[in-house]
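Just so it is clear, A, B, C and D label the chains in written order, and each chain counts residues from 1 on its own.
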């Protein structure tokens, strides 16, 4: 049995109240999460996630909203309408399609447990279901402070969340560098992109989209680490073999935060005047990948992760497909600056203070209430100037196909364009960035300016 | 025997004089090229290309400079020093290495033919050689006008040059669009990127680099053609299959040269206000590929060709490796504008007036007097802001490797950097462009700003 | 903190004795695994795994063998020699290199806990360590029967093992098909390659190699499922788009186990006589991927998994790099037959009885006591005729490079060949198989016949 | 203007008569080809190729068959029916579709020239045409002997054919090795796959398929050359860089033609007993690529060329798409043996005697009278056991897609299968070979056994 099911019941239904600006450690979180969620069971009203069980395993899910008035239950299951009657410790009712036609019947047992078991009955057969109460009610946005004491090196739904937050909330926290060193250059974790989080977002469920807006990203120390060589994936075999590499050249950088520049910390004579402008970014923004999978934090995928795209900086909003209850958001791997492709394997790796706001958008990125189509979709990013889509794949050719299709689908949906119209727009106005070729999957970004899109008639 | 050898002798040694601004057609050119080149044979002084013959076929070449004073001959063969004595219709002499050590002996027969046959004698055996007189002397730069009457659809050394020009000369000419239509929308050629040229550049020989600077590029009509669909290579198979394409949407564009914009010629309601800024470029700049090969003008390779990179516009200099005597330069395929990747298969295809200057740089792009290393090198481009290198390959992964290595080698040579130093510079400051994924080979461009490079100490 | 550390202490030191042929369910296993491992703590003799801790997290490991005689401790740590003295609840001692030079000192606390904490002291600094007792003693091989009651859909170290076995043991068990259906066509799990296992192999530790020999693989029902279409990765976009697919054609197959053939279950007129020879194979043989990662059972990687190679049948031995204590072996996804590439997405998916023997080979696949080099190495397979290596990658080009290098390194090590000699052998005698292009990573197999290798002089 | 048009008129209409077994050199051929083709102009009956001219350039072609009785002309143009009247030095007539509807009118001028000019008149406009008389009549097959005196290093339509042969004829000739050395190890050409040919096949025209059956392929010397290293494309960058290569190891091989084996000519101690079985094959079988293009003989493409597939041996038939009049067939680059992938860059390169038969199959490989679809199609090969298709591309991923689609289209056409039925057959029974990764394009071969196909009902 998978680890996910063990902690789920304990954590998700609790109501957490934080001061607008407060401090929580994961130890405090753990204590709070044991609060008894069944206290409210005298009424079924609220938001639920419905899981379809197959041989006891959760294989599909849907969003359920219930309203109980006395023994009368009404509600929705995705686009279906529910009506039922509460009697003798269970609810029995019917599901109707949007057009009013019958979809099937259901029964839910109301026990003393946090989660409710039941059955959906259709002409094609019965399905076992399980309902789990989730948050997601409209509450006033808060700003929360999280000071991490531990960092995680997998993107995974198996890690207990360090904090529960609501859609609309803002989190102020910090990240260590890719090697696990903090703002004081003290080792806080083994290396490999240790992450801050995960943050459980109330009301987020599989099939939704999580929007993460980076309100501020501020470097908090004066050094960064990188390498002074090019990765083999970026150069020809002949170049890779023929060039003698001199490991005595340091890949360390000095950050001048006041003037916004970085210079080699121990420069060779040739590079003593070389400097680059700081352009802080987060290498990693990711949610739990779902399906009980856990990826090392060097990885990236449809769920985001180590995207290593220099467009993920202050002011950017990252859209990620939620695959687990609560989304379980991770952030980390700040870069003071990164050239295209992340050709040194590392960018200018450093620590940072970060402030981000989350928002749950019901329904997938391909359209309302639809699951992302596997392979076509990847994370999306938006800033004041651009819509940007990731294409993450095993080769640049695959990555480009995904990035282009992802962007085409985005503007077709949002601007009501036909594929031909989208082709006219993209063919003249698309721009690609090669975000990175250094990670287990490569990442190409397709982008289009909002100025170009503003010319499209409504 | 290959066609190339037949015309070579007739054309290359003639001395052409043009008015600073004149008009030549290829018919006039052909007449002039029959001028008897042997008239000057009483003295061997001058520039020659030396071919090594194997079974009568030219398999290698070198640059020879000779100075004859009476019966005393001195000169160079690449880096070797030559001394010889003219007697009885032949020259016999010795070749010395730069360090003064003996390399071998040589004999050259001085007949009445334009080309001279001879032998190089070394301890490892003899080699048959052939010397062919070439131009390349310092002459005052001229501006020449060429009005094409015929266009070519292969990059090939088998086409008789339409004009002989000198290093330093400027050519004013015109190009038709990719479909063969001229400034009056009159068909002048079958389609597929018909080219203007080829131009024979005096003194250019295999192993040299030809620099082509686009002095001006001016659109000369008010329409462009493109397509209203995305090519399969740019999108996922699922996107490609699932989207219904509507061929009734026109891919034609209207060009407003006064205001510098393009708009769909027959827009749908959605696109009635859509416009893009004109950014004229040449899709094709190429030299003869060498080795008796001929590629369709959709092709691109180390020799340039259909590079379809929007950076090849006014003010840009394109560096191409010369593979045949005279380089044989072709230009064509103007685009009014092109998005990254050339995703519609066509960009905004139109006709143009173009003015370019050529310069022969002895020696290959990897260093003086060395042949380009196959696979590592591709065309290079430079403008006021950037050094840019092409990576042309069968996949984007291969293209990126070539582009990066090409740029690393360029800055290592010109700025005397070690690979580690180059890695520090590129890792922070490289930028990629995906020029096109629409042609038989894809093209990724790696670039670095001259502002960044200016920080490198001499 | 990761789930793995919670169960580790409870399970690994217990001594399990099974009858030569017995039956264990995972429920029985769980009960036994709580046996108190500390009962033997009066003597440190035995096999241990040493973990290096960084910020409390295990980041490296080594094999330790200890022998305690009274208060005198001797032993090895990989290739280092240990000597120490037990006193006052701790051991203090020295480590010597094979050449007799000092490596550093160590202290181990002997508490009442199952695991022992300690410190390694070197001139470069101290490192926290943790020692965990493991099995791996020579015991008589046994045959064990395992009847699964639950199947798992991730390759993960987070799943409690269903059985502990020793190196040399044979396991008889069964697998369900890729959709979760058993020998009676009863659904036993959700689909997606549900696995039997994981099996904990005593004494296997990170850096070792696990050899899994398939002693028998017997189909146990008369049906298989597949699809009647080609996956997009296997065909051109134009083919994929242009061909009208008819979903009414069934992809079901009937298996004639007596005659060893499969035929379409509901054939079209054209295919009514079409049959293929059965060639049973296991699509999945994998170990836990390590580093707290969990991959869906469609995935494959250096740790094996869904390799979908038709060479993994009866008589084959699969070599996998151990990444977690006990290796945690999974098997599943039997195919009655599979064409190259697994072009229908599914092969002929069915259930099977399988009998396999495991053997722990200390040290990695690149050589004794060395960790596999990332990227160069992948699973290896051997049968009576061939040595075979997997190349698993994001593109076929990457996969081929890995497969070739993997095979070159194998024969260089085992036959003491130089790379040049290996090149002479492989250049004439290598053969490739394209195992699959249907999974999240593609798999190319490089193979060479043992008959060819037998000609190499010792 | 292109070279091709100059020689065309002189060569193609001549009637050549050879003894059944005779000897022709290219010198003799040249003399014969000047025979006056216009002598027969008193009657238009015969086979013609019709070219559509656009701005004087041939841009399309069709097969025309004419029958003249007095002043009445009848015939066909592809599937159209022609009727016309001869009067006053021209023919005027009509073209009807197969359904009897009018297609348009035509006029042909009958001058004294070999080729005839004319016009097609349709409602959509007029098109200039040119008719060129070709052979292709049924004649008794002959066996011809060709002893080459010169070899060519481009696949090109610009080379004058060395011999004209008829469909059905057999040619006995010889090939030199890839370095230009003949059966006596005498250099006959510079290296790089010098080819024997080209052979002009009467009646072959663009859009047709040329079938080349290798009747016998016999090695004619006792040595072969190869390399003792692996090419970078076949191994990981890390393997390529880390392994020290020892150039003192010889890549030469000794051939024992009596016993059918090859052994290293100067073996290391380890390889003193290493041998491989001879399996002679032709690395190159190709036709002129068309469109005035010329590719170096290392290249391969839809037109065949340097396919380097070990299945192209005695008994194999290679199907190539004709792109130029007469097809212009080249053969060369014999290998005594080749491992998959041609990993040493060279296989066991040697010279050979070859005997092949040609057959012109009207219409393209996708179906009768249709041009091959670009990108989907490549050369096909057939032997007693297998149908085999080439997938030639810039990456292995692209090559596999082309090979699979090519095979699917072949069996769909020949066995009247739907794509679903083809998927059932290929999914279980396809086998891939990785022919080579050493050339400018890689080559994957998809194959299926005739035994499997024989089970498909008619």
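FYI, a residue touches a chain if its C-beta (ideal position, glycine included) is under 8 Å from a C-beta of that chain, and two chains touch if they have at least 3 such contacts.
Every value quoted in this text rests on a predicted model; they were computed, and no experiment measured them.
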item: Taking each chain's C-alpha mean as its centre, the one farthest from chain A; value: D
item: Contact-richer chain pair (by C-beta pairs counted) among A-D and A-C; value: A-C
item: Euclidean distance of C-alpha centroids - chain C vs chain D, Å; value: 48
item: CA centroid of chain A to CA centroid of chain D, Å; value: 55
item: Distance between the centres, which are taken as Cα means, of chain C and chain A, whole angstrom; value: 31
item: Multi-chain contact residues (two or more partners), chain C; value: 233, 236, 238, 395, 397
item: Residues of chain B that touch chain A when the two form their complex; value: 226-230, 233-236, 238-239, 243-246, 249, 251, 262, 264, 268-276, 337-344, 347-348, 373, 375-376, 395-397, 400-402, 404-405, 408-409, 415-434, 437, 444, 452, 455-457
item: Residues on chain D engaged by chain B in the complex (per definition of touch); value: 1-3, 54-55, 57, 59, 150, 153-154, 156, 158-159, 180, 187-190, 291-296, 393-395, 397-398, 441-442
item: Residue ranges of chain A touching chain D (in the complex, touch as defined); value: 232-233, 236-238, 240-241, 395, 397
